[in-house]
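What follows is a group of structures, each given as structure tokens.
You will see subunit A twice below: alongside subunit B first, and alongside subunit C after that.
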Partner chain A sequence: MRTFIARRLLGAIPLVLGIATLIFFVVNLAPGDPTARFLNPNTSPEAQEQVRVNLGLDQPLPIRYVRWLGALAKGDLGDSFSHNRPVVDIIQELLPNTLLLSFSAIGLAFILGILLGILQAVRQYSLLDSIASMVGLFFYSMPSFWLALMMVLLFSYGANVWDWPIQFPASDVQDIEYAFFSPVEKVQDRLMHLTLPATSLALVLAAGIARFTRASMLDVIRQDFIRTARAKGLSEPVVIFRHALRNALIPVITLVGLYLPFLFSGTVFIETVFAWPGMGKLVVDSILERDYPVVMGGTLVFAVMVVVGNLVSDVLYAVVDPRIRHD
Partner chain B sequence: MTTRPDLLVVTDLRTHFTTEVGVARAVDGVSFQVGMGETLGIVGESGCGKTVTALSILQLIPSPPGEILKGSSILFDGEELLKAAPARLREIRGNDISMIFQEPMTSLNPVLKVGHQIEEALRLHRGLSKSEARSAGVALLAEVGISDPEERYDCYPHHLSGGMLQRIMIAIALSCEPRVLIADEPTTALDVTVQAQILDLLAKLQDRHGMALLLITHDLGVIAEVCDRVVVMYGGQIVETGTTQDILTRPEHPYTQGLLASLPGSGDRDVRLNPIPGTVPSPVNWPAGCRFRDRCPVAEERCAESVPELLPLSEETTRLARCWRVGSIGGPVEGST
Partner chain C sequence: MTDRRRVILSALLPGFPQLAAGRWGGGGLSLTVWLAFVGLLLTRWARFAAGWGGPLDHKIASLTVVAGLIGAWGWSLYDVSNPGGVKQSGVSQWSLAARAFRKNRIAVAGVLVVVWVYLIALVTPLIAPHDPAAQASLLTARMVGPGGEFVLGTDDLARDVLSRILYGARISLSIGFVAVGISVTIGTLVGAVSGYLGGWVDTVLMRFVDMVISFPRLVLLISLSALFDTNSILMITVVLGFTQWPGTARVVRGDVLSLREREFIEASRALGFSRRRIILRHVIPNVLSSVIVVATLAIGNVIVLEAGLSFLGLGLLPPTPSWGSMVAGGRDQLLGAWWMSTFPGLAIVLTVVAFNLAGEGLRDALDPRLRT
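Let's look at the complex of A and B:
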């Protein structure tokens, strides 16, 4: 197992290098001039040139690429054009917010999706199954940003208008007065802020996971070993959760790796809708400002997270299924 | 014939399945008894309802689509299993009545260690602690003839061979010392040499524990080796019953005769095999009249009109056959040998 993980980590190095290269050239070859936002048509050519030199844009592309990679190897992602700060600092500040949002969302999605999938499989063709399938398909087909807007409309704006007992905040990760809260209030406040964005991200994923789990579970509960478990006199919950679920989860676990790119592209929208100060919003804003170092750094971080996520899903796979343990 | 008190009495068992093309009458009015410590064989081709009969006893039929009809009765030691509450039924399963299945490779959970799967029944029915269950489980593995039981205990099913897995299935089934063991084609998926070992093991364990054995098989050779009495099934019904001796030497029903005739002879190498022509019809539409009629070498017109009853051949009520020609066709039928 340990050698398997080590081998996969080693294999990830060229992969990340390739991704970094791709990111660099895609961003730098994209049309548009990053200096345009600092300048106006009356700026003298000398001043224009000075800005380009300051930003390091006067060098030919291959040289900039090698310099960028060299800095990257030392953990330096360059300085932001627009924030006048090292990109690493910005990412360090915003990454925890994105991780909080995405882990909550994917955790919620898997818990919800798996439970619903089991319930649907155990009660196949029941009313509950049909309703859950329909509702699931609805959320599955909804773009998450639209879902997010609707949730803001209902649980934030609407809740306020109609005086509901619970109103969820529609933006940011914490209240303005967060610093003055007691520890319990701080946790509460964080959770309140997290609820809407995490839910709107999770529902879309959960719908897919539920469909997967249902199909996989239906497949498993028809297997011979489930009959054996029942013939032993085991109760239905033990049969379902101890004997069927672990087998049914094997294909579902591959979804962890598969869904990560969806999840991160989802955070890009969701963070924008909820003004959530995270990586997604950062990358979107930086693209609009042509802040190349931030776009490259942010995208690279997402790419690395996807690579690591897939590694984790492979490891989980082996943990659940003893037949594919790499020992 | 048997003087042993009946432990399991199945009366008029009907298990039907609702399918898209109609109702499949997989088991259609089956009655038999198993005495204490007795070995009863149920024999017949695939699709005759043997397995469904076995699964019905422990009510392991997937429902829907399967359903055991009202009027069926399964008495275990005087208790009606078909009216037992689910909790009571779970107490009986794996404890009083155990079952082993045809496919050992798929009958064990691939993601759980075999030891865990043995412990489950012990801890559930016997209330043993984890360490007690472990030592009992290891002892069971040794009893069913597994070498290095300590080591095998922590194996996953994919580490073990089919024969070993079937031994483990037997260990699981025997763990709570059941009074009835139902073995559904326990040797069919195994190599011939392993088949004999498993049969020997079953017979040995049956002697030691004094349990009744309901052995389901399509192999008359297996029947000859271990069974006291035989039930021959065809088309979801019993067509003939009797002692193993009677069935093998004086078969009355043309189907039983056909089964015997289709066995490879022990000595005659030159004799060609004599298969029964055709296949078992679909349980959705059994032929009217005798269900074996289409394949029967001695079918008459009246066979198409009505279903013959399962009639006693003589004074002894344990020797029954379902054929109009019963009594008139002792010995092999012409053209079937």
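Let's look at the complex of A and C:
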């Protein structure tokens, strides 16, 4: 087991290095001038040159690449052009928000998806099964930003207009008066702000997870050991949850790794719609401002999270299914 | 029903005899096309006639109507007068798949919707109630609710939402089609070469694919699109096409790995064919069924991605009526005009659902292991 993990870790290093290289060249070779934001037509050529020197853009590309990699190895992502702060500081500030959003979304998605998948598999071809499949397909085909807008429309604006008992806030991670709240109110406020973004992100993912769980569950239910379990008189819940589910969930674990890129793509939209101060919004804003260090740093953090997530799901898979450890 | 009566019936209502016989894929399509296009000719005759001298899209629209009518009519008559026509051909893998596909009613419905979305996109200049860019009076017709003169309401610039959705369909569908064409071509070639040659070529190509897939796709797309100014339809199509191929490459490579060991490939190697010939003439035709499935499912995906980019302001810009930018425009008016972002979003969902249904039906039909 230990060698398996070590081998996977070693394999991830060149992958991350390759991704870093790809990011650097995609961002730096693209047309567009990052100094344009500091200049206007009246700026003298000397001042223009000075800005380029200050930002380190006067050096040739290979030298910048080696410098960037060298700094990266020391955990330094450079300074932001527009925020005048180290990129690492900005990321440290915003990453927790993104992690909170994505972890609650993926947790919710797996709980919802697995439960629905089990229900559909147990009642295969029933009315419930076909309705759930159809509704699932709709959510699966939905652009997450549109779903998010519709959630805001219904549960935030609509709830306000129609005087529903619960009205969810439509933006930011916490209330403006957060600092004056009591601890209980603080937790409550955070949850309220988290509900809509996390749900809209989770629903799209849950639809896919439900289909996968249903298929995997149906595979398992048809096997002999389930018939044996039923034959020896175990109750149906015990058969389903203790015997079938354990085996059905093994392939579902691989979905964690597969869905991470989708999850992070989703956070970009969700953070934009809900004005959620996180990494996705940071990267989008920085691209528009041509703030190269932030773009490179933010993208790299996303990519590393995907690689680590894949690693974790591979290892988890190996833990629960000993058959695949040795190939 | 005698044959004569069936022929007369199908001349009057093409598709009806087939529909009555329970073949509602072809029957339903030709009947709906016939009825809708005849209705269109009756209500929009002036526009149809003017179309021949108008701009290109107008000409295409009029041409589509004529072609649709002739197609529906001709197919139905031919089908009724040759009842045994289908069975004369041999039982190839493709006709087996077609038979399995026809049994899957939901998938057939998906294909019907897809075909109809394309038809609507083609005849849009004839049916759109308003010009998508024309503004009605800003005083009286700004953000008017659905119903009345503007069926789906007007936006904050007093433009008709329905007309903009109709014109947006053309853009979304063309981008989806062309981008998937690009990505599927690259993906198939890379996957086939990588799987067939193996060795270091395979290692290098697949490492690269792993790298691109580990990127959150949207972040990659956003960087590319912002940096390359994808505000034109051409650029956004190219960027989408060139970033979506790794998925196809992986699927194709998997297929080719098992294909490579089969006897007929060995035989062509023994005959001394060049590697290029084996890959292009023997390997690729045998992975086409997976490629078709991947492509159908990818179109829906690309449509959502394009809408997403336009939503973030990185794709097509106003006044181009793109579904994504319409949803984005409605975002600022969510409280005052909910219809502005709701209906374009519904158009996206409907189209993508149809493509996904069709793609899944194709997958079930083309995979002999799933066929019952």
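Criterion: the second predicted complex is superposed on the first by the 323 of 327 C-alpha atoms of A that agree within 3 Å, B and C clash if a C-alpha of one lies under 4 Å from a C-alpha of the other, contacts with A are read in each partner's own complex, and residues count from 1 in each chain.
Operating definition for what follows: a residue touches a chain if its C-beta (ideal position, glycine included) is under 8 Å from a C-beta of that chain, and two chains touch if they have at least 3 such contacts.
Every value quoted in this text rests on a predicted model; they were computed, and no experiment measured them.
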For this session: Considering only touches as defined above, state whether A:A47 meets subunit B (first), subunit C (second), both or neither.
Result: neither
Problem set entry | Residue contacts on subunit A - larger count, subunit B or subunit C | C
For this session: Mind working out whether A:I13 is in touch with subunit B, subunit C, both or neither, as first, second, both or neither?
Result: neither
For this session: Using the touch definition from the top, say if A:V66 reaches subunit B (first), subunit C (second), both or neither.
Result: neither
For this session: Kindly classify A:A229 by the partners it touches after superposition: subunit B alone (first), subunit C alone (second), both, or neither?
Result: first
Problem set entry | Footprint overlap on subunit A, where subunit B in one structure and subunit C in the other make contact | none
Problem set entry | subunit A contact footprint on subunit B (complex, rising order) | 55, 58, 60, 62, 90-95, 98-99, 101, 103, 106-112, 117, 120-121, 124-125, 156, 158, 169, 172
Exercise. Can you name the residues of subunit A that touch subunit C in the complex?
Worked result: 14-15, 18-19, 22, 26-27, 30-32, 137-138, 140-143, 145-146, 149-150, 152-153, 157, 260-262, 264-265, 268-269, 272-273, 280, 283-284, 287-288, 295, 298-299, 302-303, 306-307, 310
Problem set entry | subunit A - residues contacting subunit B, complex | 222-225, 227-235, 242-243, 246-247, 250, 320-323
Seminar exercise, completed: So, in the complex, the side of subunit C touching subunit A is made of residues 207-208, 210-220, 222-224, 226-229, 300, 304, 307-308, 311-314, 324, 327, 330-331, 334-335, 338, 341-342, 345, 348-349, 352-353, 356-357
